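Both complexes below contain chain A, partnered by chain B and then by chain C.
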Partner chain A sequence: MAIEQLLARFNAAVAEPYAEAKKRKEQGQKVIGWLPTDVPEELIHAAGAFPVGVLGTNEHIYLADAHLQTWACSLMRGCLEQGLNGNLDFLDGIIIPHTCDTTRMLVGIWRHALSTPYIDNYLMPRQIDRPSARTYLKGELARLKDNLEKCTGKVITNEALKDSINVFNANRTVLRRLYEYHSTNTAVISSRMLYTVIKAAMFMDKAEHTTLVEELLKELANISTSNDKRVRLAISGGVWEPPEILDMIEELGAVVVADDLLTGARYMGPDVIADGDPLDALAVRQLNRIPFGGFDSTTRERRGFLVETAQNAGVQGMVFLHLKFCEPENYDYNDMREAMNKAGIPNIRLETEYANTSLGQARTRLQAFIEMMGGSK
Partner chain B sequence: MYVAGIDIGSIYSKAIILKDNQVVGSLVKRTGGEIKVASQKLIEEVLMPLGLQAADLRAAVATGYGRISVPFAQKQVTEISCFGRGIGHLFPYVRTVIDIGGQDSKGIKIDDQGSVDDFVMNDKCAAGTGRFLEVMANALEVKLEDMGLLALLSNSPEEIGITCTVFAESQVISLVAKGRPKVDIIAGIHQAIAERIVSMVKMIRIEERIAITGGGAKNIGLVRELEKKLGSKVIVPEEPQLIGAYGAALFAQDLARNE
Partner chain C sequence: MSAPFKTAGLLKNLMAKYYAKGEENRKSGIPVAWVTAVFPVEIIYAMDIFPYYPENFGALGAARKVADKLSEYAERRGYFNDLCGYARCGIGDAYATDHPVGNILPPDLLVCCNTQCGSLPKWFEAAGRYYNAPYFLLDSPLIEDQVSPLGKNYFIDQLWEMVDFLERTTGKKFEMERLVEVLKLASEATQLWNDCLDTAALKPAPFGFFDACFHMAPIVTWRGTQTAVDYYMALKEELDERVAKGITAIPNERFKIYFDHIPVWPRLRWFSDLFAANDALVVASQYTHSWAHKFDVSRPMESLAEVYTEQFVNRGFEYRIKLKMDFMKRYKCDGFVLFSNRSCKPNSFGLYDKRQVITERTGKPGVVFEADMSDQRFFSEGQIQIRLEAFFERLRKDQ
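Presenting the complex of A and B:
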């Protein structure tokens, strides 16, 4: 397939995020939705069900306002909206992780307002380097496994789980390769396209997605890199929404080469090392993920991680892209900004919302930021 | 060699014409509806006394929220960089610029060349901007240009909560209904705006000296209140509203020289 055709496949998956899931449902497969972030999709996959990400909506949100205050983040309001407007009626189950106060309350609202057959809340440890974290998380994963078995009627064997882990590891590997390719060959595919490929993995069949990314990598290997003079930026935050923000960054003369986004780098690494007990391996992966505002580690602080990430990627600046009303990001921001300033990395904070049509002010700020770093269109 | 700096703001549009480093023309005009048309009229009007037309300009740079709709400009530069450049040129010892525009307020940290080191800008909200003052002047039936002087006449300013322009307006109306003196209400409004601006600008660690620009700098009540809250005397340029256009004109001069 030509590059354009391959990219069209990923674009289509993101444009119609539930198309594959609905097809699977029609074929008789159970479909389990998950909300961001960190739900172990491998367990769903090993139970023979199809995991599909539920990642908010850029359509108008209003039904959710009856249940969730408008000053909750638009990501969670958008997820609830899709439940309420019937877009998620095809789901056999939904797993909502507890990552912040809003996700914690959302599970209760979902149970109260919606009739998804299986609704679960996944409680990860927040202080991830406490001695009890690993044992606790293993127990929580075992509970999730039991519930998924009841929902699907299929026992998750260690063997099946290890196979699923391999499928997901293979996917992460190709995504990481694409990410690295883009970091050095920034002019070949756009930043938005890179992140579209990553996001597509949340909606497509994993093995199929892996094959397509492998094909894409093969095609890209033939393309010689051009000298890109644009300003190199990193993004820190939750999601790259609204997507136009990535187009805007490129229009204004910059390119994204590093991030810690839930719909970006955080979705890829690290692999699950599955030679022993697979549940334990899933727990270890979770505790070793890149830092995120919802969890806390004293040994691997997010601010230090971000400085290191920015320096390793050779970026000239950091954009904190925060969803309005995201409390974990709001609390983390000051520490992260200070760490950036101390490391001499220019930074800016932009607050955006899903379904937000007015990006004029964000454009002015981004443009001024890029001008500040000596770049301009 | 003539160059132009055009600053299309949300309420006013501004133009500066430079000839060999010297300001030879300037104009401030309400923006009105269609920006493309407004910017054409603005340039025609500012060039008319000089006997020139837009085609005679060696370069033009546009800034302000309407910068993308100025057909005769070769380049757009954000108002943040333009205010920094303009102030840096006039007052090289200034390190912090506070710009109070019609639609937004900004804090800008600059070096001795007027290059921007850091900046902060209010979110999509009119509280703490020129628009807020305009709404309050209307609610109180006072001329906008009189607001600042009236604020200085009060000895016991009212407390105004300024979470939102709409809420503050209804608060002001109820204070009027209670028969509170207008000057005290006006003084309270100025205090609230100054608080809002100072708390925002503090996010970039204010360094002296401080200059105030934009239409808000023409309001003496607001300037005094800001000085109190900042604990520092501020510099107000002679034409604070024209600094963005001046900075844009300096960028246009660079452009013409590098041609």
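Presenting the complex of A and C:
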């Protein structure tokens, strides 16, 4: 396939996020949705079900307001909205992780307001530095495994789980290769396109997605453009929403080459090393993920990690892209900014929402920011 | 609120002493540990470490109506005004140049339990960096439905990890016998506190929720000490006396109300006056009952794990509905008021649905109002008054 055709496939997957899931459902496969972040999709896959990401909506939110205060983040309001407006009726189950107080309370609301057959939460440990975390997490994964078996009526064998882990590892590997390619050849595919490919993995069949990215990489191998003079930026935050923000960055003369986003680097995270017990291996992957806003690690602090990431990627600036009402990001911001300042990395914070945001002000501020670093268009 | 209590004077003295003791202690080599309200502080007391409650500092700033001023200092650093008001007060005071409620006490170490919420750990993480002090999180996974050994064992493992952390950072030794003594004192105080709260079930009652908000500081800060036991003994005596003399919390008690959750601190008086003017007494809240538990001293660590992980603040939707309904039954409530508190997402998200469910199941009227527990910038008096007046109207009609 030509590059354009390949990209069109990823774009289509993101434009119609539930198309593949619905198709699977019609074919008789169980479909389990997950909310960001960190839900171990391998377990869903190993149960023979189709995992699909539920990542909010850029459309107007109004049904959710009767159940969830408008001062909840627009990501979770948007997820609930889709449940309420029937868009998620095809789901056989949904797993809501404990990333913050909002997701922690959303489980109960979901159970009450919606009739998804199987509703669960993934209670990842909120500390990762002590031995107790690993023991607990293995137990929590075993609990999820049991519940998924009940929901799908299929036993998850160690072999099946290992196979699934391989499928996901392969996917993460090609995504990381694409990411690295984009970092040195920034002019070939746009930043938004890169992140669209990553996001598409959350909606498509994993093996198919891997094959398509491999094809893309093959096509791209013949093209190299090292002469991009645009400003190199990193993004830190939860999600790249609304998506137009990435277009805007490029229009203003910059490219994104590093991030710690849930719909970015965190999704490609470390591989699962599955030599022994696969549940233990999944636990270890979770504990070794890159830092994020949910909780800090005392051994691998987020702001230090961000400085390192920025320096390794050779960026000229950092954009903190925070969703309005997102507490974890807001609590981290002051110290992240100070760490950036200390390291001499110019930075800016933009606060956005999924829908209904006028990006006018963000554009003005971004423009000044990018110009300051010598970029312009 | 009721006519002034004799014990109120005692409380003021005690609190003043407590705040003074922090600095004194540090000077004499006793480490200061920041702790959270729903936290096994019994271990801290058993190790002769001084527990300091930054949430109390936040509540104090809120009650003195300066939370917005302190918050502004935090906002200048990039913290938004939609974070928990206590955190904004505490962080704000650290950066402030004026200190209308005194200085928040800097920690030597920070120990946090997330059974209540996710704001506290994020605040404590930031404070740990600011004060350059070691931080420890006691992680308590949500109990959505059934209590399971998984979460409990995880918590017990962490209690031992915490003991190790405390011994390493403070050089103090942990002794089980000391913990047992502290647990006995804690049980005694919580039992007395529970008895005091229960007097609100009498009709007319000598004591209500707004009184409880005032008198709860010692059960939060000193449970585990003789001071707390003595204090609640005195309060209980005074309540018995009031019952005997027929002194009631409000002049004409006609309705009993359940209230969720924290009061709007800077408007405590406004609310209690409005309720009293409508002959309604708020008699119960899950909030003030958070410290009305009991320990089994024959299994100290297990008992600590059970008490602190099985708290309602760590429970799911259905449990919280049931708890509210149980309180309404036990205190014979005629209606309920739910406070959608912008500062506190974990206690606010879900209230819209809960209001509906509780009315469906009990037939009692309820109302949700929006405000912030500490920040008056989010208080619109007119709107809240209209909502509550409509609610009181319903109560009168129903009776």
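Here, the second predicted complex is superposed on the first by the 375 of 377 C-alpha atoms of A that agree within 3 Å, B and C clash if a C-alpha of one lies under 4 Å from a C-alpha of the other, contacts with A are read in each partner's own complex, and residues count from 1 in each chain.
Note that in this section contacts are C-beta pairs under 8 Å (C-beta built on N, C-alpha and C of every residue); 3 or more make two chains touch, one makes a residue touch a chain.
None of these values were measured; they are calculated from a predicted model.
Engineer: Once chain A of both complexes is superposed, is A:Ala66 in touch with chain B (first), chain C (second), both, or neither?
Structural biologist: The second partner, chain C, only.
Engineer: Which chain, chain B or chain C, ends up touching more residues of chain A in the combined arrangement?
Structural biologist: Partner with more touched residues of chain A: C.
Engineer: Just to be sure I read the superposition right, which of the two partners does A:Leu80 touch: chain B = first, chain C = second, or both, or neither?
Structural biologist: A:Leu80: touches no partner chain.
Engineer: With both complexes superposed on chain A, which partner does A:Thr102 reach: first (chain B), second (chain C), both or neither?
Structural biologist: Once the two structures are laid over each other on A, A:Thr102 reaches chain C alone.
Engineer: So, does A:Asp335 touch the first partner chain B, the second partner chain C, both, or neither?
Structural biologist: Touch status of A:Asp335: second partner only.
Engineer: Which of the two partners, first being chain B and second being chain C, lies in contact with A:Phe325: first, second, both, or neither?
Structural biologist: A:Phe325 sits against chain C, while chain B stays out of touch.
Engineer: By the touch definition at the top of the document, which applies to A:Arg130: first (chain B), second (chain C), both, or neither?
Structural biologist: second
Engineer: What is the shared patch of chain A, the residues that chain B and chain C both contact?
Structural biologist: none
Engineer: Quick one: which bits of chain A touch chain B in the complex? Just the residue numbers, please.
Structural biologist: Per the stated touch rule, the residues are 346, 351, 358, 360-361, 364-365, 367-368, 371-372, 376-377.
Engineer: How about chain A: which of its residues touch chain C in the complex?
Structural biologist: Residues of chain A touching chain C: 66-69, 71-72, 98, 100-102, 104-109, 111-113, 121, 123, 125-127, 130-133, 135-136, 139-140, 143, 295-296, 298, 325, 327-328, 330-335, 337, 349.
Engineer: Which of the residues in chain B come into contact with chain A in the complex?
Structural biologist: Per the touch definition, chain B meets chain A at residues 65, 75-81, 104, 115-119, 121, 123-124.
Engineer: Which residues of chain C touch chain A in their complex?
Structural biologist: The touching residues are 77-80, 82-84, 87, 114, 117-119, 121-123, 125-126, 129, 135, 137, 139, 141-142, 144, 148, 150-151, 153-154, 157-158, 161, 316-318, 320, 340, 342, 345-346, 348-350, 352-353, 357, 370.
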